[in-house]
Amino acid sequence: MKKSLSKWFTGMMIGTLLLTTAGCGGGAAPAANSNSQGESAKLGVVAYMSGGGAAYGQSQKEGLDLAKDEINAQGKIKIDLVYEDSRGNNTDAINAVNKLINKDNVVGLIGPTLSGEMFAAGPIANQSGVPIMGTSTTAEGVTDIGEFVFRNALPESSAVPQAVKKAVEKYNLKKVAVMYSSNNDWAVSGYKTMEKALQDNGVEIIATETFADKDTDFSAQLTKIASLKPDAVMVSSLYQEAALVLKKAREIGITVPFVGTNGFNSPELIKIAGQAAEGAIVASPWYPGKENEKIKKFVADYKAKYNKTPDQFAAQSYDALHIYAAALEKSGSTTDRQKLRDSLATIKDFEGVTGKFAFDDKRNPLMDATVLIVKDGQFTELK
Amino acid sequence: MDVILNQYYLQIAIFVLLNAILGVSIYLTLATGQLSLGNAGFMSIGAYTCAILTVKAGLPIYLGIPIGGIAASFISIIIGFPALRLTGIYLAIATLGFGEVVRVIVLNLKVTNGALGISGIPTLGAKIGKALSALGFPHGVGGLTAQQTSNLMVLVVLLLCLSFLIFFCTRLNRSRVGRAFAAIKADESAAEAMGINTTYYKLLAFALGALIAGIAGGLSAHLTFFIGPKDFAYNRTVEILTFAVLGGSDLIIGPIVGALLLTLLPELLRSASEYRLMIYGALMVAMMAFRPQGLISEETVRFWKRKLGRGMKQ
Amino acid sequence: MLNISGLSTSYGSIKAIKGIDLDVPQGSIVSLIGANGAGKTTTMKSLVGLLKAQAGQIKFLNQEIRGLAPHRIVSLGMSLVPEGRNILAGMTVLENLEMGAYQRKDKEVQADLEKVFKRFPILEERKQQFGGTLSGGQQQMLAIGRALMARPKLLLLDEPSMGLAPLVVADIFKVIQEINQEGTTILLVEQNVRQALKIAHYAYVLETGKIVLHGKAEEVAKNPRVMEAYLGGTKADT
Amino acid sequence: MFWQQLVNGLTLGSTYSLVALGYTLIMGVLNIINMAHGEIFMFGAFVGLLLVTYLKVNIFVAMAGAMVACALLGILMEMLALRPLRRRAVSDLAPLISTIGVSIFLENLALKIFGPQSQTFPSGALSGVQIQLGSIQISLVQIIILGISFGLMFVLRFWLSKTRVGKAIRTTAESIDTANLLGINTNKIILLTVALASGLGGIAGVLVGLSINAVEPTMGLSMGLKGLAVLIFGGMGNITGAMVGGLILGIAEVFTVAYGASSYRDAVAFGMIILILFIRPQGLFGSSTRKGGRF
Amino acid sequence: MTLVLDQVSKSFGGLAALGNVSFTVNGGEIVGIIGPNGAGKTTLFNLITGIFPPSSGKISYKGKNLLGIRPYKVTSLGLARTFQNIRLFGHMSPLDNVMVGAHCRTKAGVWKGLWRTPTQRKEEKRTRERAQALLQLVGVENDSDTPAGSLPYGQQRRLEIARALATEPEIILLDEPAAGMNESETEDLRLLIKKIQMMGKTVILIEHDMNLVMNVCDRLVVINFGQKIAEGTPAEIQKNPLVIEAYLGREEA
């Protein structure tokens, strides 16, 4: 009985082996580029949908799905989305991009979620001549990959200085402490921008402490910082660590303002940190509380569909698809990748939920950020 | 032909080969019965050394990759002396710890650019493409696009690497050194009593494994345009381990088959991506319960030899 | 009490015992003797279920016990004092003895403990010491005492004299005889042939996995074959 | 600041100790490293969270619930992933790999069931309460964790050394064969041990979840690796070792941040075990041979 | 006087396994070491071959101190052994097992093995031929499809001897080579041991099979409770009352 079970198992595994090898060769051949008009445009999405960062990919998917339904309902242009999971892993991102380009024959790409993934997968799209747009890849140098690489994610270099400047003016900051997640590329990039912005504003950095993603204990860093009595604390990290930092800081009696990078800009921050999030400052193009019809409608629709407030990952993805739709409309083809790229590059005066938008000559977004502060459990504009 | 030359399949084939090389690296250390979970660490040493040399110092790739491998094996010898006194689980955990320490050091060094990693690494494909156009084939060869040609060339390069490794290992297995490895794996103290300097051969296997992992690291840097510390963390270690576990580590073909299966499986399971890792985990448990020696063991080969041999006679 | 027929056990492809027939009548001491590697320990381990026998019958108190888990066999009243004693080195002497009575829930455990201490006073002296710190002879006493704590109907002893000084060996054999006189049946594997045959009622001689000789102990003792098996005859060199 | 940092280190260390206790129990009896312990811990945190959030139970009831749920999970793991391996002669690496498989499975199962976002305990569930002792500040949850981990250590030690079942566990830990000969149903004892260790993991999950107040599916890995480091540092299968090792690791990490470079903090745990493996492979409190007392 | 043991003692964790054992072995002799189970015979072998060091005392071989020398070096000095519980490399073929034995007499490293240089090929060929000859000597078939671990018990014992002989030893230490063998196998073994002696090698033998020991050994050393209790020719030993007592127990308790 035991023997036969083991034999059966081996047989099954060998079967899988044969199937996989067969499947590899016998995959559907990609259809040749058809030029027929009026068909729906196929866009590929590479997102972090399983594993530790799946929360981000999930928000992005939700934002995209919402935008897709709207665009298709309008009927001017039809869009098909093909999702691929990148697991936050460079190799998987490369495979996903390759599959979308060469097997699914997509006309353009959205994603990947992480800047690191973009550095790995972006060159593939660029080589193949397929436009790719990051919606959350804020790191330095992303669009330097090549002229097919776009992003509508506001790089830290635009947002962070605004927040720092405003905070310095408002609270008359002289000396601050900085904390960042040192194993997260995106947070490190944010930290570097932050450091430069502080120097530009003549603020002294009295302590620089690091932690890692998924850390849960910040007592040592914060005790040290508390003893130095800074005027404010700057934090560059994802929302979970940021929220835990805020909580611990308030617990041990640090009451000064906290200024954060993009990671602060999430409803989850307030959800996790609760009362401790009060007074946290962040600059963001995305501000759900803004008096704007478009934003209100988006927030309401999103709430109706997913029963939660959209975060910036959702908002920026939502905008990204609308930008693509506008470009597709302009290019007049649902399959021509080069044309799509060229028309994307000329997008100007686009009104999205994250504000007025245009690409600069390096395919980075030109947009304004609003400096927000958490007040009574809500992001409100810091004036 | 189009199907085979589809860049998606070419790319997957390239990753299969890269992973197969990693599989060989863990196979080599396992050849003396030592489980090293430090291969991701050695891979990262190789990858960073090579990337830094090629990106910052402008060394050609064909020099950068072997130097990366040598750097990894050099480090392996330094930590191998104390580490190889440990056996079994202890060695596994110590090497796992080594990988983590390497990761933290990489995060903190300036030259590795911390968490931001090194981007814009020239790819093997691009280099080959350049060489091709220098040879007068700017638009590819024989009706293929330049990209297809260079990818195909990369594939050939990797295939050559892997073939050499297989050749190396089979030659090794049938030599004095290979027999010493096998003897140590079977019974370390009996091997020592038979006149084998076990420390030397264990260290040799360890260093060879690190060398190959380092070379694989260098290759991977030039295949993925970008490397960051996250690429060589715990998950990578487990991934490399599963190649050997699934395929079997008795014979060199085992980890290679394991790498093939485990690189293809995620692509096939793309539609079931949420369940992909759950299936992975369950598979590991089932393997240990039903076939701890892996899919391909010496018995399997013997069985098929006998069966085919009989078939031939009939 | 114990009837074995056709018992065979293998390690992998190597057959260690090949069809053994053996009877242990109630109240007796039966001695199983044989050279190293003859299969004595394998036999003992097969009886208590530590090794899975491939074929044959093991009837204990008229119940088939082949294939039962060891703890079930212990609860039926069979205890083995293994070769090498297997003292719980990291537990105290007292704890070792208590573990002997693991399955018992009756109130006489304490009384039995006193009995063991009376039989082996040294154990009482050292009852708080770790088992691993005892000398070889004391460990053997502890192992026997521990087995007795289970109140076995049949006690299996695997080489109780191994590695012990002659004086201690004599003591151990005396104790074995006493235990038997108090009503416990004993199956004894021994290398110390002369001693073993002296206290045994019946004896079986095992050679390379087979019983080659059996009978009343005194008859076996007189058999020249036994003498030869242990000290060897001198054949002419070829 | 020194004293405050010491307290920080102790409280952090006590969470490590709590996690390491479960590791050490399984290591002691089965001589394997349960790589899935971190994920069991994570499940415990979720079960506690769900109980508090939806059934509005008292936090101690939630701990009991998490303990039971994790014990059941442990039983499943023992029956499906460990017992089949014991029946045949496999290398000691097989259970290591098998439990890595379990850990991957559980983490992704949790991602599927609970979603990737981190979740928090509702306010009022003990978290956030601070106590001031002179210039030193400590949170109530941390005191509870410290208390419970020390309490558990003493209870466990007492239970293992004085009770019948505890002694049976120690006997099985010394030798499964001898335990069998003494009439102990070793399969049952092993099942009990794994269930107990997993249950302890569950309690640890709730407490740690409460203290950081963020529960998410990948929290098991980092905590699991820390627990693993403590296990090896303190000595495999040694309860005192787990306790002291956890505290030392906590203090070492905190002091690395306070007086060294915070960015090297993650290297401390593994640096420590590499060091200890070279100097004293059996760990701080472990004995060099299997002859010495377990636990 | 090739091998000299001088007042050798060994204790494990306070328990004495061997106490002040001294004897010498001369070139070309067959010396038997006998004694009841647990007397310390295998410990003696482990001390000689360097598995662990003695607690006190000296061991020297051809005037060379063997203390603190690792087992593989001891083997290359010319002392090879077999094990009481067979320790073949179970998955390897019998031929490969024997070829492993030739390790310390050969040189080719990774590089030469990879490119199969002429010297490597020559060496490999010589090793193979010698190994085949040794297999023939001990009477084990060279079947590459049967791993050593699946051979019959008696063949495994003889294969271990062939493997030890492949190290080209001057002294070969056999630890219970006849255990588990039947009478005719034991007789073959006796002839084999004699042959090994004829090859000019010295044999040290631990054995329980008294027929074998008495018939093959030139001299016997008897160990009981870690002490040497007697030494002499088989005939002397058989009459020694101390030995009889050690084996059969005392006449009167």
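We just call them A, B, C, D and E in the order they show up, numbering each chain from 1.
Quick note on the criterion: a residue touches a chain if its C-beta (ideal position, glycine included) is under 8 Å from a C-beta of that chain, and two chains touch if they have at least 3 such contacts.
All figures in this text were calculated on a predicted structure; none of them were measured in a lab.
*Asks:* Which chains lie in contact with each of chain C and chain D?
*Replies:* Per touch definition, common to chain C and chain D: zero chains.
*Asks:* Between chain A and chain E, how many steps is the shortest route if every step has to go to a touching chain?
*Replies:* 2
*Asks:* If each hop has to land on a touching chain, what is the smallest number of hops from chain D to chain E?
*Replies:* So the least number of steps between the two chains is 2.
*Asks:* What's the farthest chain from chain C if centres are computed as the mean of the Cα atoms?
*Replies:* It is A.
*Asks:* So what's the Cα centroid distance for chain A and chain C, whole Å?
*Replies:* Centre-to-centre distance between chain A and chain C: 73 Å.
*Asks:* For chain C versus chain E, what separation do you get between their C-alpha means, in angstrom?
*Replies:* 31
*Asks:* What is the distance in Å between the mean C-alpha positions of chain B and chain E?
*Replies:* One centre to the other, that is 42 Å.
*Asks:* In whole angstrom, what separates the CA-based centres of chain A and chain D?
*Replies:* One centre to the other, that is 35 Å.
*Asks:* If a residue has to touch 2 or more other chains to count, which residues of chain C qualify?
*Replies:* If we look for residues of chain C contacting two or more partner chains, we find 132.
*Asks:* Using the touch definition from the top, which residues of chain A touch two or more other chains?
*Replies:* Counting only residues that touch two or more other chains, chain A contributes 50-51, 182-183.
*Asks:* Two or more other chains in contact with one residue: find those residues in chain D.
*Replies:* Residues 108, 111, 221, 261, 263, 266, 291.
*Asks:* Return all touching chain pairs.
*Replies:* Applying the touch rule to all chain pairs gives A-B, A-D, B-D, B-E, C-D, C-E.
*Asks:* Tell me, which parts of chain A touch chain D in their complex?
*Replies:* So the residues of chain A in touch with chain D come to 50-55, 58, 182-183, 209-212, 214-217, 219-221, 223-224, 227, 240, 243-244, 247, 251-253, 268, 271-272, 274.
*Asks:* Please give the residue numbers of chain D that touch chain A in the complex, ascending.
*Replies:* 1, 4-5, 8-9, 11-12, 15, 108, 111, 115-118, 120, 123, 128, 130, 137, 139, 208, 212-214, 216-219, 221-222, 253-255, 257-258, 261-263, 265-266
*Asks:* What part of chain E is in contact with chain B in the complex they form?
*Replies:* 49, 51, 70-72, 75-76, 80-81, 83, 87-92, 96, 99-101, 103-110, 112-114, 116, 120, 123-124, 127, 145, 147, 163-164, 167
*Asks:* With touch defined as at the start, can you tell me which chain C residues reach chain E in the complex?
*Replies:* Residues 12-14, 35-37, 132-133, 135-136, 159, 161-163, 165-166, 169-170, 173-174, 191-196, 198, 208, 228-235, 237-238.
*Asks:* Which bits of chain D are touching chain C when the two form their complex?
*Replies:* Spelled out, the residues of chain D in touch with chain C are 164, 167-168, 170-171, 174-175, 177-178, 180-186, 291-294.
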